[in-house]
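Below are two complexes that have subunit A in common, paired first with subunit B and then with subunit C.
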Partner chain A sequence: MEYKNYINTFCSIKNGTVSIDGSISFEDKTLPAADFIKLVYKHFQISYPKFYKMDQLSRLAFVVSELILKNNPITLKNEDADIAIIIANSASSLETDEEHQRNISDKNNYFASPAVFVYTLPNILIGEIAIRNSIKGENTFFIFDKFDADFMSSYINSLLNSNKIKCCITGWVDFYENKYEAFLYTVEKEKGILSLEHTSDQLKKIYNN
Partner chain B sequence: MEKEESSNLKPEAYIVADNIISPLGFSSFENFEQLKKKQSGVRKHTNSDLSLEPVFASIIDTQQINSEFEKLEPQEEFTRFEKMVILSISDCLKQNQKIDIQSKKTLLIISTTKGNIDLLETSVATQIDKKRIYLWETAKVIARYFNNPNQTIVISNACISGVLAIILGKRLLDENRYDTIIVSGGDMLTHFVVSGFQSFKAISNNIAKPYDAKRDGISLGEGCGTIVLSNNIQLLSTNKEQLIVKGGASSNDANHISGPSRSGEGLFLAISKTLSESKILPSEVDYISGHGTATRYNDDMESLAISDAQLATVPMNSLKSYFGHTLGAAGIIESIIGLHSMRENTLIATFNHSELGVTIPLNIIKDTLHVQVNNCLKTAAGFGGCNAAVFFQKVQNN
Partner chain C sequence: MDALIDQLKGEIIEQLNLEDLKKEDIDNEAPLFGEGLGLDSIDALELIVLLEKNYGIKVANPADGKKIFQSIRTMAEFIEANKK
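Then we have the complex of A and B:
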């Protein structure tokens, strides 16, 4: 039996550019990473006060997730427990790890902040997206040196095909040393807005877009 | 032809080797023996690099790691974290010499929360390339040591990393692209981690007391655990009984990033998905290896989830008072103790637990218990609101 799954929307934020479904929808190449992410949040009129408590990695993931879910509200047509969030990156939470390390660098006189320490785990961004959208299904955070379209597409297809999940928010969210890159998409068993087949080749095409 | 006749075994995710590296020993066997004798690795550490104040933790002697590692006659420099993982995997390869780690059909999965996080400390004098702070880079170094040809998969998902890695291993075996999966989970205890948990005021002033009325927080620990899974029956021992990973699932509370849910709904979801995938009824579960961090909220949350899953009467323990909370290693180390409990039909007492004190009463094991153990459920929960469960089963080889 041949199964097909579909990418119904995708969004990327990199190099001062926000693209939704392959078209540029916002650009500002002048700002440093953190300021740019804040500007994207404001530009798209996202309103979620917890955003300001998040570290940069979670903020980046959060705004991209808002954009794809606005475009394709999968939470409205699926049970909370059937939606998975599976995300990968390269630098894990190193940006915030370094902040925590700075806070504790003097071993005789240090003050660790719980609000910083909690973000020294990359999967916190999955938690942030889950809380915002009441998503309760499978979650996994992978670390790769670069976005691995082969592994991600094949693993997520197998979860869909074995009915362990009904749909998935997935992709790549990386932030370290003022360099950032986010690429998230939704994949479902049903056709939708874009109906791009969820294959490794297709994924590479839209990721490199 | 002969092979097929020699066994009636189906291709399953069989456990073909396992190892634990902890202060209690450098093999699963040694660790299990210590636990049967109620020996804990957690003790008070003063004047350590970990913390200004004295802290209870389970720490491996670095000299022991180094001297064991020298026996492998390494040709290059490795970090403390890498040494633990390499020692753990090497012991599995020694145990089962049919495992071909150099095969294209063998995949490595590494679960860790912080890997070589000590490389962030500028005071650490080292020849090691700082690039190994990247978890994928340390994974590459480990894979290269063993000449494994595949890209190692790294999972970093807080305290459920280890359980997730086992579930992933089983799922990838089901897809048949690999026939052997080496799942190794490790984390070191450093000032980085200790100071963070101290800032949460989450660390106990004594050895952790899981599920106890007087519990006051966690004990941290470090270690490494490795489970080798294979669907290649040629890798199986001649034992009549074999152990398999039958199913597993993860979930999210969608409630809070650093506190467990008050309802236990998320963990309940992971447990119920795991049992239904494993085609097992709650009444058939013989043993639960709980998460049991010994914080007030976690243990209460677990009691609600376990009770909702109709498992409140099943014998259950937490091993956090033996190993401390070993973060990315915990799910694997604790699963391995569960596997040995199944092999020996011996359930380990929850060390330092005396008086039950959780929202819904659970059947916490207080003394070593000798009962038939065919079905074991392992659960975990972590920061980010994540939960996971995995189910192990004993099968007969006629």
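Then we have the complex of A and C:
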């Protein structure tokens, strides 16, 4: 039996541009990465006390997750345990790992920051999204050289088709040395806003949009 | 004491990334955890590091933390009493 799953919304933040479902929603190409992410947070009037405590990678993931969930509130339509979060990137948490390394590099002035240390794993960003939205389903973080549409579509379709989950927040969130790229989308078993079939080819098309 | 309180507020805002707060937003007597500034357990660890890094004071007994970190004023009083 052939199963079909659907991409119902997608959002990307890269090169000073926020696009939702393929249309540019906000643009400012003048700012460094960290300032741009803060500006996006303010521009879309997102409010969350923990935002400023997050590292840059988690801030980026958090902002893009807020935008797709505002557009397609799957958390309101599904049980907490039926929603998965599967995200990948290339730089892991290297930006924060290096900050932690700098904090502990001087043996005579050794002060590790707990707030920095807790972000020295990339999957913490999944935790931030899960806590914010009370999501309790499957979650996995992959490290790849680049966004792998073949793997992501196959892996997530497999989870959906085996009825382990009913929907998924997934994509790519990368941040390192002022370079950043976020691309998140929702996949559901049911048709929705966009109803784009979740295939590798379709995914490549919207990722490269 | 007022100068120390003012300095401490600046250090806390910087160390805990409380970017949306200004010194004048922090009440000297308000609880740091829970209802007041809404700090969490990671922030508590950061405050312990801040005391050691900026003032050379080690909090030897974690149980003392509850009293020390009750408010900005109690923190300043603890620093004043233990500063090296």
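To be clear about the criterion, the second predicted complex is superposed on the first by the 208 of 209 C-alpha atoms of A that agree within 3 Å, B and C clash if a C-alpha of one lies under 4 Å from a C-alpha of the other, contacts with A are read in each partner's own complex, and residues count from 1 in each chain.
Everything below uses one rule, namely that contacts are C-beta pairs under 8 Å (C-beta built on N, C-alpha and C of every residue); 3 or more make two chains touch, one makes a residue touch a chain.
Predicted, not measured: the structure shown is a model, and the values here were computed from it.
Asker: Look at where subunit B and subunit C land on subunit A after superposing the complexes, then choose clash or fit.
Answerer: After superposition on subunit A, subunit B vs subunit C: fit, no clash.
Asker: After the superposition on chain A, what is the angle at the C-alpha centre of subunit A formed with the C-alpha centres of subunit B and subunit C, rounded to the nearest 10 degrees?
Answerer: Superposed on A, the angle at subunit A reads 80 degrees.
Asker: Is A:V118 in contact with subunit B, with subunit C, with both, or with neither (first, second, both, neither)?
Answerer: both
Asker: Just subunit B (first), just subunit C (second), both, or neither: which does A:Y52 touch?
Answerer: Touch partner of A:Y52: subunit C, not subunit B.
Asker: For A:K107, is the partner it touches subunit B (first), subunit C (second), both, or none of the two (neither)?
Answerer: A:K107 contacts subunit B only, not subunit C.
Asker: Give one of first, second, both or neither to describe whether A:A91 is in contact with subunit B, with subunit C, with both, or with none.
Answerer: first
Asker: Report for A:N139: first if it touches subunit B alone, second if subunit C alone, otherwise both or neither.
Answerer: first
Asker: For A:G127, using the defined touch cut-off, is the partner it touches subunit B, subunit C, both, or neither? Pick first, second, both or neither.
Answerer: In the superposed model, A:G127 contacts subunit B only, not subunit C.
Asker: Does subunit C touch more residues of subunit A than subunit B does, or is it the other way round?
Answerer: The larger set of subunit A residues in touch belongs to B.
Asker: Just to confirm the value: shortest Cα separation between subunit B and subunit C in the superposed three-chain model, in whole Å.
Answerer: Between subunit B and subunit C, the shortest C-alpha distance works out to 7 Å.
Asker: What is the shared patch of subunit A, the residues that subunit B and subunit C both contact?
Answerer: Touching subunit B in the first complex and subunit C in the second, residues 111-114, 118 of subunit A appear in both lists.
Asker: With touch defined as at the start, can you tell me which subunit A residues reach subunit B in the complex?
Answerer: Subunit A residues touching subunit B: 80-81, 85, 90-92, 94, 97-98, 100-101, 103-105, 107-108, 110-114, 117-118, 120-124, 126-128, 130-131, 133-145, 148, 151, 154-155, 158-159, 162, 164.
Asker: Which of the residues in subunit C come into contact with subunit A in the complex?
Answerer: 15-20, 38, 42-43, 45-46, 49, 52-53
Asker: Could you please specify the touching residues of subunit B with respect to subunit A in the complex?
Answerer: Checking each residue of subunit B against subunit A gives 49, 52, 113-114, 117, 120-122, 133-137, 139-140, 151, 153-158, 164, 168, 171-172, 174-175, 191-192, 195-200, 249-258, 265-266, 269, 273, 277, 382-386.
Asker: Sort out for me which residues of subunit A touch subunit C in the complex.
Answerer: Against subunit C, subunit A makes touches at 49, 52-53, 111-115, 118.
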